[in-house]
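Look for chain A in each of the two complexes below; its partner is chain B in the first and chain C in the second.
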Partner chain A sequence: MKEKHKVNWEKAMPFLFILPCVGILLAISIFPLIYSLWLSFNSWELAMGFPPEFIGVGNYIRLFLEPRFWNAMLNTGRVLLFGVGSQFLIGLAIAILLDKLIRGRTLITTLFLLPMVIAPVVVGCTWRQIYHYEYGPLNYILRGVNLSAIPWLSNPNFSLSSVIIGDTWEWTPFMMVVILAGLQSIPEELREAAAIDGASNWKIFTHVLLPLLKPVIIVAILIRVMDAFKLFDLVVLLTQGGPGESSETITYYNYLVGFKHFSLGYAAALSYIQLVVIIVIANFFLRFLRERETR
Partner chain B sequence: MRKKVILVVSLAVFIVSLMGGTMLVQAAEKPVKLTVVGDAGHNQKPWEWYKKDFLKLYNVDLKIVGVPFAEVYEKEKIEFVTHTGAYDIVTFYPKYLGDFAGNGYLYPLDEFIAKLDPHLEDVTPGYRDFYCKYKGKIYALPYDGDILNLYYRKDLFENPEEKANFKAKYGYELRPPRTWKEYKDVAEFFTRKKGETLAGKVLQRDFYGTAFYGQRDWCWAWWGNRFASYGGVYFDEDTMEPMINSPAGVKALEDMIEIKKYCPPNVLAFGYEELKDAFLNGDTAMVIQWPCVGKKGADPAQSKIVGKIGVTTVPGVIKDGKLYRRAMMPCGRVLGIAKESEYPWKAYQVIWHVSYKTSMDDVSTAKTGLDPYRYSHFQHPEEYEMFSTIEAAKIYLEGVKSNMEVGYPELVIPGAEQYEDVLGRKITEALSGGKSAKQALDEVAKEWDKITNRFGREKQKQLYRNLVAGWRKAGLWK
Partner chain C sequence: MMRKWLSKKDDYWIILIFAVIGFLLLIFLSPMLWMFLTAFKDRGEIFTYPPVFIPRKPDFYTFVHGLELGGAKGILDTTIIAGSCTLISLAVGALAAYSLARFRIGGKNLAFWILSVRMLPPIAVVLPLFIFYQSLRWLDTYQALIITNSVMNIPFAVWILKGFFEELPSDLEDSALVDGCNRFQAFSRISLPLVAPGLVATALFCFIFSWNEFLFALILTRSHVRPLTVVITSLIGGHEILWGEISAVGTMASIPVIALAIFLQRYLVRGLTLGAVKG
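Let's look at the complex of A and B:
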């Protein structure tokens, strides 16, 4: 009888060992996730001190009917398309050039990496100076070639572009270094074989290097897309989302709703929508990877 | 032997007395640790200056926490909501009084005031009654009396050549503008390109008639001066319908769109610093700004136009032969005590010290951005040492006072942050050409309605009515 109730310590021990870890994970990761999901179905206006009131999908309906939400999503889409797009193209070009470089590659790569390792706040402040209407170097150059100075941060036609340019400067090195690593991992023999077969440089790039780089590129773009979707620091430091709503990204909008207006239920719903969008985008990219593996 | 005994006894007495002294010191009250939070920078200087005094006078060891200007609300609110008790003394903008006092985050001060008088009768009614009181109780003491003023370049306005040219063009004397129409004329007149002449000198860079606060957080206040003088009010008191898109509001915004032509092209990126610098660097003929700009303008370390600044009432409109001017009272700072502070009395002594005892010194220096809010602050021009003469200080104080007499209060009901956010956002949209003035303000009205509904129309209406009743009593509302 006693034998039946005997604890099998050998089997239980691994579970006991991972229990603290699971507990911590539940407390700091899973609980907030579930709590914020519950919150997104409630109205909670903290400025008024109301207790949370269950309103079902009310916050989600309000969100989809809110033009400001769609404007922020559109601006974020522009950041992804033009920002990450140009980071990829410039990063790829620099990586190819550096791959061909034999002497000084390490030094130049290190120099190129500097924008990425600078604190984002410093990047924001630096670009704020660069864009300064009167004293900024950008307008100084424009005036020098007899062009009109541009109010980069206060004109709605330029404000988002200014944020994108700053983000591109900061994160192109990331693309560059990942693609460069990918290029250097491709065996030299493959290029040589293609060259012996009479392939031009362009053909070697498009038919040999690019297909082999595809997984690296997909992962690099995916990481950048996920990061750029959360673009916040440069928006705060350069434009605060203005003028009007011209440079308001979804994360900045979420911050305003959550931490300025303290509409906590609505802010939670907004966060969940962002999560869903990110998951959809991530799956889109990961499908490319899976397709490749299947082939 | 006897000598030895005397020596030992003396030594023993000395050691015992030393020990006793130490024990006495230990038995004395340990310094109380208090934390004050507020926007970082020049307005936190007084806390640093008097830190030692607080220790000596009140046995308070003060820790100073600075947060960015735009993040004061969220930092304080989060600590209040989560009951951390991180802050004992909170410096905040009075528009949050409804939120902070209404939600029970602040300690009512009436009982302390009865014990240690901060002489609130000396505080001008606008700051005393609306920025410190909530539902009849006092929750804060004033620290900074903000109001908008019209600053102009005296040297340019007095230049004979400029005066003659102005009269020839507009048919009346060049003077500090009294109406918005005159303001536009003066702004247009002084807007000149690099290479043109200004007061007999060839300009090395473009010169502008005026500028305003263009960033979306406070730009509504610059629109508000016009809105208020045109007779605008925030809400209908009976229905709580927004009145922001009334003809007064639309006209005010159309005026602002017009005046933008005479401002630096990047004016929509102007915050406090940029606006101050544009004027003090000598790039504009006029600006409407907070009182501290007058003080800083008299300090050669911060200004290139020392001695050339005039201060007067913001312009207005003439209705039935009478001139109506209203100056917005945006921002300002008050000091409250967190409900969860373990030492509210000690905290009160500290805020009493800066709000009453040292307030004259703090508002009369160019090292802070703190502005006068007590009648006594206006009675001692000799204290404002940054001005070259007492006469110059008097002119500055008279200018600020004239605006206080026509002050237009900021909305201080719960949700003020949301109402102002929408207003600022839509105003900048109209200013940047994205929308017409009417369209932008109609959208503001719609969003204000939604905010009111979310916060509870009846509750908000009652709070607004109480507020307006108070404003009326103080003569700040029609």
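Let's look at the complex of A and C:
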């Protein structure tokens, strides 16, 4: 009798070990998301004190007809294209340089990583000072080389670019460190063999290193693409989405709708659209990881 | 493995590369340096043209004033939240990672499902949680932020630690089990100390993430709990922006994470490249 009890206990162990993790994740992310799916089919204007009212796909229709939603999507697209794009190119360039270092590489890499270690809120404060039209150091430098000062944050033509520059400064180190790790996992012999065969440095890079780096680059870009949808802190600190709606990103717009206007049903629909996009990207990502694990 | 410096020509290359890297590093660090210097400037030096780079009479007035304006409360609250969140994520994450690595529970699907929670957009998670916490009267409490941040950290902890447990041979535990230990003792006394580097890396990331977190903090707190990121943002909201104080609080908020990053650089790089680079 006692023996049987002990065996069961031992069999239950794996489940007991994983229970807290699965329990918390279900309770604090999955169930709330199921609730917000239901919410997205309701109209719930909390600010006016009405209870939720079922309206079917009304929120989604309203969303697709709303120019401000498309503007926010477009801005997020720009962040993806220009922000993640330049993070990749600059990160790649620095990684190639760091790969050539013989000593001091770890410390120098860590120093490059500092922008992404500090809080995005602090990054925002810092760049807000740097972008200051009258007293900021950036415009001081521009005036110094006889260019005109740029209204970085107050002109709708520049506001989103300013956010993107700050974001690029913060996240280029991530691209750099991932690509650097990829470069270092490539055996030195491969490069030497190519060099002995008479390949130029450029040929070695495009024909040997880049193909081997491809999986690393894909993973890094997918991670950053998912992050770009979450861009929020810098927008709050630098522009609050303005002037007008010129630098409003999708997360910031969602925040305004949900927590300034308190249109909870509409905000839930908006967050579900994002969720669908992220799930599609995440599926690519996970499938890719899986294939590499089984290889 | 040391690459040799073959010729004079290579020497020049190395010097050139060092120079370029030094220049780039300067560009990358100068915004942080600007904030650090601004913290020591007085009002006249902040609002002037041409801008003052080096403060003439550096003192700690802005730091003291910044602490009074909510910085002290911010440091306390953020420490409580980030510390508790790190402990919870480590405990829950280590148990789950061990189960996934040793018993292959749920196969690959469960592990990937856990990872996918990490990718959820925070704004989508926080909206229903806001309503949920409101009904529990948990808004503006420590536990709301601790649990919400933990949910974002646990998947990451599971994935780092799973890798470490998988590398560990099971022989040691098996002999401990034969010697009369139960599974939990084998886990806590044998395996856990052996994955200490993994625990350090996990703790580092969970701490930095919850230390810097802003969106949840902004939405789930009001006046009772005031994390640093919220305090800094509210300082900017005033009609007269106190850049000196903001920079001082920003500097104080950055020192712990920068120190951790430098002391634990090896773990930082390993954690960041997790998933992207095999092994």
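Here, the second predicted complex is superposed on the first by the 255 of 295 C-alpha atoms of A that agree within 3 Å, B and C clash if a C-alpha of one lies under 4 Å from a C-alpha of the other, contacts with A are read in each partner's own complex, and residues count from 1 in each chain.
In this text, a contact is a pair of C-beta atoms (placed from the backbone, for glycine too) under 8 Å apart; a residue touches a chain by one contact, two chains touch by 3 or more.
None of the values given here were measured: they were computed from a predicted structure.
Applying the stated contact rule after C-alpha superposition, one finds that A:M226 touches chain C and leaves chain B untouched.
Contacts of A:A193 after superposition on the shared chain: neither chain B nor chain C is touched. The larger set of touched chain A residues comes from C, when the choice is between chain B and chain C.
Using the contact criterion defined above for the overlaid structures, shared-chain residue A:P243 touches chain B, although it does not reach chain C. Of the two partner chains, neither chain B nor chain C is touched by A:I61. By the touch criterion defined above, A:L81 reaches neither chain B nor chain C.
Look at A:I278: by the touch rule set out above, it reaches chain C but stays clear of chain B. Contact with chain C, but none with chain B, is seen for A:Y135 once the two complexes are overlaid on the shared chain.
Look at A:F259: by the touch rule set out above, it reaches both chain B and chain C. Shared-chain residue A:L210: touches no atom of chain B or chain C.
Comparing which residues of chain A touch chain B with which touch chain C, the overlap comprises 134, 259. Those residues of chain A that touch chain C in the shared complex are 9-10, 13-15, 17-18, 20-22, 24-25, 28-30, 32-33, 35-36, 39, 94, 97-98, 100-102, 106-115, 117-123, 125-130, 134-137, 140, 169, 172-174, 177-178, 181-182, 185, 188, 216, 219-220, 223, 226, 229-230, 232-233, 236-237, 251, 254-255, 258-259, 264, 267-268, 271-272, 274-275, 278, 282, 285-286, 289-290, 292-293.
Remark: chain C residues 1-3, 5, 13-14, 17-18, 20-21, 24-25, 28-29, 31-32, 34-35, 38, 46-51, 53, 91-93, 95-96, 98-100, 102-103, 105-106, 108, 110, 112, 114-117, 119-125, 127-132, 147-148, 150-151, 154-155, 158, 182-184, 187, 208, 211-212, 214-215, 218-219, 228-229, 232-233, 236, 243, 246-247, 250, 253-254, 257-258, 261-262, 265-266, 268-269, 272-273, 275-279 touch chain A in the complex. Note for the complex: chain B touches chain A at residues 70, 73-74, 77-78, 81, 99, 102-104, 205, 214-217, 264-270, 283, 414-415, 417-418, 421, 425-426, 428-429, 431-435, 454-456, 459.
By the touch criterion stated above, chain A contacts chain B in their complex at residues 43, 45-49, 133-134, 149, 151-156, 239-246, 256, 259-263.
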